[in-house]
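Should a chain be cited, it is by its letter among A, B and C, assigned in written order, with residues numbered from 1 in that chain.
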Amino acid sequence: MAFFLETLLGGLMAGMLYSLVALGFVLIYKASGVFNFAQGAMVLFAALAMARFAEWLPQLTGLTQPVLVNLIAFVLAGGVMFMVAWLIERLVLRRLVNQEGTTLLMATLGIAYFLEGLGQSIFGNDIYKIDIGMPKDPVMAFDHVFPGGLLINQEDLIAALIAALLVALLSVFFQKTSTGRALRAVADDHQAAQSIGIPLNRIWVIVWCVAGVVALVAGMIWGSKLGVQFSLATIALRALPVVILGGLTSVPGAIIGGLIIGVGEKLSEVFLGPYVGGGIEIWFAYVLALLFLLVRPQGLFGEKIIDRV
Amino acid sequence: MFYRENGQFKTSYPEDQQIFPIAQDRVFVVLLLLVAFAAVPFFASDYMFRAILIPFVIMAMAALGVNILVGYCGQISLGSGAFMAVGAYGAYNFFARVPDMPLLPALLLGGLCATAFGVLFGLPSLRVRGLYLAVATLAAQFFADWMFLRVKWFTLDTPSGSVSVSNLQVFGLPLDSDVSKYLFCLTLLVVIALLAKNLVRGAIGREWMAIRDMDVAAAVIGIRPMYAKLSAFAVSSFIIGVAGSLWAFIYLGSWEPSAFSVDQSFRLLFMVIIGGMGSIMGGFLGAAFIVILPIFLNQFLPMVAGLAGFEISTTVVSHAELMIFGAMIVWFLIVEPHGLAKLWSIGKQKMRVWPFPY
Amino acid sequence: MSKAIGDVILDVHNISLNFGGVKALSDISFNVREHEIRAIIGPNGAGKSSMLNCINGVYTPQQGNITFRGQTFSHMDSHQVAVMGVARTFQNLALFKGMSVLDNIMTGRNLRMKSNLLWQALRWGPAEREEIEHRLRVEEIIDFLEIQPYRKTPVGQLPYGLQKRVDLGRALALEPQVLLLDEPMAGMNVEEKQDMCRFILDVNDEFGTTVVLIEHDMGVVMDISDRVVVLDYGKKIGDGTPDEVRNNPEVISAYLGTGH
């Protein structure tokens, strides 16, 4: 029983990390109707930037206090992501206004490849560390309920809390602010939003900036856990099923979807895996998403997709 | 001036509907085939065969298959690598398990395995499209990745997980030299390209394009979306499966499941986008571009850097490759969504009216 | 000489259609007789296109059913409807933009093309013969609609009026018994409208095709239709010959507003 709960908790926290990445997808889709395949590359780029800035700052300025260094590195990396967002809007999105979804999707695929190459060219392609002071040792908790206690990974727990905080902030942003409302209008219909005076270009830059910051937070957390390396970019692929499950237009959906996928992956690997040869984590999420697509394509919380003739 | 159609009148529908209605085109294609079959084997070096020609021919076939699904029928697919894998492992199993199984039937049976797999994972296309369909095809990709890695039956229970083939021959002729391998693949490519072109300009091709352009209207005029979409998946995966088995048997010789990873799927999609969606020739152009670009960059960039006075490592070149791919994709989508094939036909149009501007 | 108007071929019973909270159609019933030209008119948003979409199987009504040639359906399947001989044009043209005029109209022949994939791949024997045979029929339609010079042009490049003709051509290629036309003359000038009227009347005359026509131009409607149905806010407010409908006070107030 304890083992089951441990696996469950581990899954929940892993799921939270997926949700972080999925959040970036949902944001951009909600606001611009574009599915951003480059989200993973953005996570990698942001993480690389932060890791290297944290490395270079002490060398260049003599600052060594870790909290300060990390903070400045974070802010610098955020600035870099803003610039990336602005460039993407300027060079790519502006020229593809009102093209159909598939074209935009493939354009973001191209952007992904470009960012991966650029990031590694500028920041290098070794494995880098991000050390934001996350406690690496697991903790035994609840030992009054279960003998010996449950093994909980503190790092994952803190990551989950950060993610939850981010989600709360974003939800408030979308629902309560006028910019959020403008974002939702743009997601619905580019041309209509333009015709009522919403500055499309500025909105898109804002959205991609926000997504960039989300990517940075995700990159920081994943990078702290796994080290910053190229495989971070493929995390986007792991997070895709999350948005299918949760619904492409729903922020809470990204969270719930992430949790379900995280738990599902861990549980299926532990309890089903041995029967079929193991390693089913790589496709479990996808097959689950596939089944959802057949039954309920808009996901748990997404809006229904209607075709008009 | 060179390309004028003046005087080439068609007096019957078959003439009007032939694959190359313009005489200059026919001449060009015949010359091309002569060069490809007769001249190249004499003049190309071993390196050219192994690094450029053979991969190009096989990838062109795969790109053809992907184009049918993505370009003509409008169903986005990120699972092409999986179809290649199923073709390769299917052919391998028939070849290795059935005694005295000849090569060609094994390859074709591999293609049929890919067809079955493709139709199965194409079923979601009846419910969803666009990004959602892309996710469904990724499910196929990752599932195939796992299947060939973990289910030992497919790899004949080898401990290392990699398989190999040797002593290939077709109709009694051994396929041991680069030239023989190249000619074998080229022949298959030409045959499949011809069959594909016929399908695409016939009734089923029109159905596919109708579904791509407006599937609600297509249903209303009596086209059954299920049949059209699944047949696109079937034909496309067959071709991709055969290409996959060729890639494994002829180009690689021995392989592991990672040879057909999601990177391969992206590569094929890029070939189709850059080459031109919805165009048989586009597959050829895109494959040529993607096969030649890394080699070109490997020679060109260090040379340029050398001229400027500094050295470039291979990692820098590979990063540059990623950046150039990405940039080209975006550029093509913005400037010419119909890819190199459209640029080619614009070029022909210019030749038609040269020396006048229009 | 036009064929005499026959028995009821299409019968719509109590169709109701909702989208979420919006009632597009409320309890609509009317019939269409063979060989007649039946117009559906009404202000914008009255539900006319939705009605055609129900007949075509694009939308499924929540209530009611449709009888076609004696068979009753509560839900029409698009493919089945096409097989039964009902063809349609669209208000917003649903042409296949990536294909030429010829190919667009050829898709209309797909129902009648029987050769399987293998023969098509070889493009030999029966497949080739079939292509030629249907090409012939499509060329007849192209002649009829006077669009010969444009047959190889991609439809996206044609002006709007010609695109509408291609839409009609594609519907005609099905050799339909019933032709549903959704605002075939929208956005046309006087000459183009005259041409389109001529085509519709010719189709009705020569082939006896029953025509159900949504149209806003009252002159056209009164001129060429045999009977008219009037819809307003999803409800039927008039049904009869053009003269009867013209003098119906409800119809007058729906179009001109009350207080007259």
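Operating definition for what follows: contacts are C-beta pairs under 8 Å (C-beta built on N, C-alpha and C of every residue); 3 or more make two chains touch, one makes a residue touch a chain.
Fair warning: this is a prediction, and the values are worked out from it, not measured in the lab.
Asker: Ranking chain pairs by how many C-beta pairs touch, which one is first?
Answerer: A-B
Asker: Of all the chains, which has the CA centre nearest the overall CA centre?
Answerer: Chain nearest the centroid of all protein C-alpha atoms: B.
Asker: Which chain lies the greatest distance away from chain C when centres are computed from Cα atoms alone?
Answerer: Most distant chain from chain C: A.
Asker: Rounded to a whole Å, what is the gap between the Cα centroids of chain B and chain C?
Answerer: About 41 Å separates the centre of chain B from that of chain C.
Asker: Where the centres are mean C-alpha positions, what is the separation of chain A from chain B, in Å?
Answerer: Each chain's C-alpha centroid was found; their separation is 33 Å.
Asker: Could you work out how far the Cα centre of chain A sits from that of chain C, in whole Å?
Answerer: Averaging C-alpha atoms per chain gives centres 49 Å apart.
Asker: Taking each residue of chain B in turn, which ones touch at least two of the other chains?
Answerer: 216-217
Asker: Which positions in chain A touch two or more other chains at once?
Answerer: In chain A, residues 309 touch at least two other chains, as defined above.
Asker: What are the residues of chain C that contact at least two other chains?
Answerer: 58, 90, 94
Asker: Which stretch or stretches of chain A touch chain B in the complex?
Answerer: Against chain B, chain A makes touches at 35, 91-92, 95-96, 99, 101-103, 105-107, 109-118, 120-121, 125, 237, 240-241, 244, 248, 276-280, 282-283, 286-287, 289-290, 293-294, 297, 307, 309.
Asker: Name, in rising order, each residue of chain C that touches chain B in their complex.
Answerer: Against chain B, the touching part of chain C is residues 56-58, 78-79, 81-83, 87-88, 90, 94-99, 103, 106-111, 113, 115, 117, 120-123, 127-128, 130-132, 135-136, 170-171, 174.
Asker: Per the contact definition, I'd like the list of chain B residues that touch chain C in the complex.
Answerer: Those residues of chain B that touch chain C are 13-14, 17, 195-196, 198-199, 201-204, 206-207, 209-210, 212-214, 216-224, 231, 235, 278.
Asker: Provide the residue numbers of chain B that touch chain A in the complex, in ascending order.
Answerer: It comes out as residues 74, 76, 123-124, 127-128, 130-132, 134-136, 138-139, 142-143, 145-146, 149-152, 216-217, 262, 266, 269, 273, 315-316, 319-330, 333-334, 337.
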